[in-house]
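After this come two complexes, each holding chain A, first together with chain B and then together with chain C.
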Partner chain A sequence: MINSEHTAIMLIAVPLLGAFTTAVFGRVSSSLRNIWVLAILASTELLAVLLGVNVLEKGINVYALGASFPTLTSPEGFPVRIILEVDAMNALISLIACTITLIVVVYCLGFMRESRVLDKAYTLILLLLTGMLGLTLTGDLFNLFVFFEVVSISSAALIAFYVHRGQSLEAAFKYMVISATGALILLFAVAIIYSQYNLLSMAALAASIKYTFLDEVALVLLISAFLLKAGSVPAHMWKPDAYGEAPAPVAVMLLTSALVSLYVLFRITYTVFNPVTPTIGWTLALLGVLSIFLGVSMALIQTKLNRLIAYSAIAEIGFILLGVGSSLTQSPHTSKVGFNALSGGLFHILNDVLDLGLLFLAAGAIYYLTRENNMNRLGGLGKTHPVLGVFFLIGLLAVSGLPPFNGFASKLMIYESVYFFNPLFAIIGILGSILMAAVYVKAFYSVFLGVFPPQELGQIPKSMLAAMGVLALLILVIGLYPATVIKYLITPAADALINPGDYIGGVL
Partner chain B sequence: MSGLSKIVRVTAAVLMVPVSTFGLYVIMHGHLTPGGGFQGGAVLATISALFIIAYADEIKKALDVNLLSLVETLALITFISLAFLGLSTTFFSNFLLKAGELFNNPAVGINGGDLNTGGIIPLMNMAVGLEVFSALSLIMVLMYYGSKMEVPEDVS
Partner chain C sequence: MALKWRYQRMLANIAYITVVVLIGLGLYAIVFKQNLIKIVMGVHIMGSGVNLFLISLGYREGGVAPIYTLAPKLEMVLPTPQALTLTSIVINLAVVALMLSFVMFIYCRYNSIDSQDRRLRG
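Then we have the complex of A and B:
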């Protein structure tokens, strides 16, 4: 039907079309709408897989919008087109985003079954997916800003899903303010770059960057904008509110969008700027360590389950920043340790979204059963719902980095390579991981063991169990065969990230 | 609430003609002059604002929430479908340019300001104008009536 060269743009266009048509189908019947949304997401997933295979086989995939043929990126030798540029790194992230959205929507079929605003919720979820895929695939700095805004607006509306609650509105407002600030910072950085080079294409910019003082300012602004969005330490305060007050599936989507903005951060630092000084790496690693420390220690004192997971999400972002930051201080082209740290950080992006996603979905199921978020008022769920307990336990062990789960593989890669770079950072990381286990064991104990609260509980819908089951299965498979995953998914991605020459060559 | 005095209502009704003319002008000339779908749609939406202020509750039937929401969705679908139709070359490709009849050659430099020179751009401007008009009207209607409505607790 469609030429394979159009895969990249279809990946953005199909969920966008799905978002617009969902409201129309919702007027006809709700089951038709559910089938339609699932069909759109399944085809998006298929496109992501096709794109990934295409990139692995044929190298970088470039798409110029509105050109007379898809690969005409620089008419008359000058890169003016809005382009999408996909290498193994983008392909991996877009695959993760599509998979998680599909799982989340399957979960929503049960979780939000009785809601009256599902048309709008599905539309917003699809728009959020469009925004994330746009952020991932675009090769244009201004488009980056546009999709950043798409992600912000749709996430803010989704955070305010429980619109009758004051806290949800407050969390959504906080998120809106933070991301609007981030977007303005990003726009300012883009303006600085455009005023110097008359270029917006990331690849062309990478070829002509001169490391002037203004470039450094722009780099710092870009890093701050995407760290705001990712929620690393100096800008973490919106995260517990947003993740805690949003419905659990929305929290998983927010988590995915945070990881997508981390990817953009790495793309900008590695490919566009490719800094020669280790300062940026040191800063990122330091922020990572601070995030680990603060996230874990704040998670210890939480009583609300969602907020607890949200704080541990800050710590997990810290692990990724620690891995990638320490690889930035070394030269990953030559140093095996630096490459290992980078692969560990990228592998942890995948593992983080699976582990915390499973925990968030399990927390959502607990809320679905008991309408209760406070761990002090929960207990004994392990006797009535053992399957849910097993899912939570898998998430717990994976997120604490215990073998044979996926968190162990990536965290070990991060620890062993960071140890060469700075032993103290590695030790703080390991301590953070141990504390994480303590946090979650406490949570597991107070929710699933102990005294059963005197109330009748219903059953968990099958679609919710299926969604959690798929995540748990992925965690187990990746945990048992980490070498295969690293070989086929992570190493090509890390290779793509450290070789800006290929990225530039795709356009010029 | 019954709205404002007769003078204001008549003025609002009379103003509808120049305001909508201007809004449609901005949308139609989007590919030739500053402005376009969004700006023209916003101009058109001021009519809704004017009427809500002048007529208050009496306008409820004309600015129906369901209808506005449907129009908005259909306009968006039109927009993205036009983008999809360009897929024989590339997404968003201007496939109607130089197609003959209604779609002439593009205007370059100083020109007579003919409207039939933009290919699919005027069509997309119309879709965006309709979408912005209905979306902004919807926002204003919801803000006006929403202040009186009770928000029921969502079950999930």
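Then we have the complex of A and C:
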């Protein structure tokens, strides 16, 4: 049994070790390498579960690097420590990241079987996981910047996976420019904060923040950096390119990293700068509504399947921002309705990655079979591959928020609580959801129904079916028992966000 | 007299003025330039601006290097921003190298590094 004290740092160290040893094992044999990667990911998953259980049982888990206990200072009173701080919220997000990566790698076993650069692809996927986990678990603003760049670099290299195609390179370049700018804005904001308080620990900052003009500038810079990375409306332009040109499993990883950066955004607004002015909350909610509107209406006119899903991913980010942003307007005295909106938003983080993940993987399977991405040139796949059709159908029903799937539960929570804040926003959200159903029904019709495809198609590898099956199963289970999931996963996370006192108390 | 005072004040803040100029230049290049190499240069200039900002935050007038062994009892410059800047320089280098390799591949593909000659629309 692993000592639970070190779980938090092991969660970052294990995938990092795995990333650099993968290439060595790849030299020996490819099946050994596959087993090694799966073993690393399984142990990461186990660690994430252990950490989650530990946090739920014993409260906040603090791990200090470079000091034997978190409050240690040097003889001159200078704090010598870098902190990993885990509460229910981080634990939830790290669990999501580990699970999705495990599913993606299982999918890759079939999807990328013929590729000759798999060693590097697995290394990059593990590095991306390391970056996401670091971004999630860290309690230190500068480490936030470092892991932000780890995520940027590894995901940009993964977007350019099809390196012979010009479009992939352009998408990767675009993504890299956006993330590098975002990271520098983030670092500038961190420097502004450091110049005033000489502090980098988020918990210590939350205790001593004074809301000067410079703090507000830093807050706006931080929010814009993470919105750039998450791809909500004013910064959505990289998303369709990156998601559309990357291989499908990589698109799922990118989606997860966007959600992780949204989590960091919520951590900063709820914990570090608590209470923020209502303006910030309203701005986030407004950006959410704009994202829903733009994402859905642009998805309507797409002909490429991956780009269509990418635009709907923008809309889904909008739903999360709408829920959490509305709730943020009430900070720090969150009412029951506000709490409901927040839980809906956080629940939607989980549902979003499952639904869109399933759709992306199904689109990847379609590409694997036909080498075709354009919906106008596809058709009749429902007759030859009914299982794939069922998976796509589950994904589309879940993403458009129809019962009994998981998207319905979280979207209903968002609508009914946002209605109390601003009825117009809730109505636009519902309309967006209906349009989303229209978009996907059109896609389903043109890909799976209609004329029989002319050429003879192969079979989908078992590992890809298994990966999609697990996602579909999770969607169904969460859709049928939303109350249980909310009780054990979402409510503790939302509680952890609205009570920054515990987070601060864990360190000081 | 007033002129001299203003001049001295400006000299004291010269680092911060440079920071603003560098970040502005970098952002301008990223947003308005069409040559991909110039965009990469913009990212690098902006990175240098942020690094300079970090370093000048930690500087103390007449401070010594922050090494405790046999240090004279004088004021020290802050060590943390220097560590941060070192890390950030390394990361910036990796980012710029990766971006330049993308530019290289794009040039091999299209024989052009103008962002207008592209097939991806969105």
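Operating definition for what follows: the second predicted complex is superposed on the first by the 489 of 508 C-alpha atoms of A that agree within 3 Å, B and C clash if a C-alpha of one lies under 4 Å from a C-alpha of the other, contacts with A are read in each partner's own complex, and residues count from 1 in each chain.
Definition applied: contacts are C-beta pairs under 8 Å (C-beta built on N, C-alpha and C of every residue); 3 or more make two chains touch, one makes a residue touch a chain.
All values derive from a computational prediction rather than experimental measurement.
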Chain B versus chain C as contact partner of A:Y194, first or second or both or neither: second
Which of chain B and chain C A:L65 touches, first, second, both or neither: first
First, second, both or neither for A:W282, with chain B first and chain C second: neither
Partner chain in contact with A:M112 - chain B first, chain C second, else both or neither: first
Which of chain B and chain C A:V177 touches, first, second, both or neither: second
Which of chain B and chain C A:F420 touches, first, second, both or neither: neither
First (chain B), second (chain C), both or neither touched by A:V163: both
Intersection of chain A interface sets (partners chain B, chain C): 163
Chain A - residues contacting chain B, complex: 2, 6, 9-10, 13, 16-17, 20-21, 23-24, 27, 63-70, 111-117, 161-164, 247
Footprint of chain C on chain A - complex, ascending: 142, 145-146, 149, 152-153, 156-157, 160, 163, 166-167, 169-174, 176-177, 180-181, 183-184, 187-188, 191, 194-195, 198, 200, 237, 240-241, 244-245, 307
Residue ranges of chain C in contact with chain A within the complex: 23, 26-27, 30, 36, 39, 43, 46-47, 50, 53-54, 57, 78, 80-81, 84, 87-88, 91, 94-95, 98-99, 102-103, 105-106, 109-110, 118-120, 122
Chain B to chain A touching residues, read off their complex: 69-70, 73-74, 76-77, 80-81, 83-84, 86-87, 89-94, 151-156
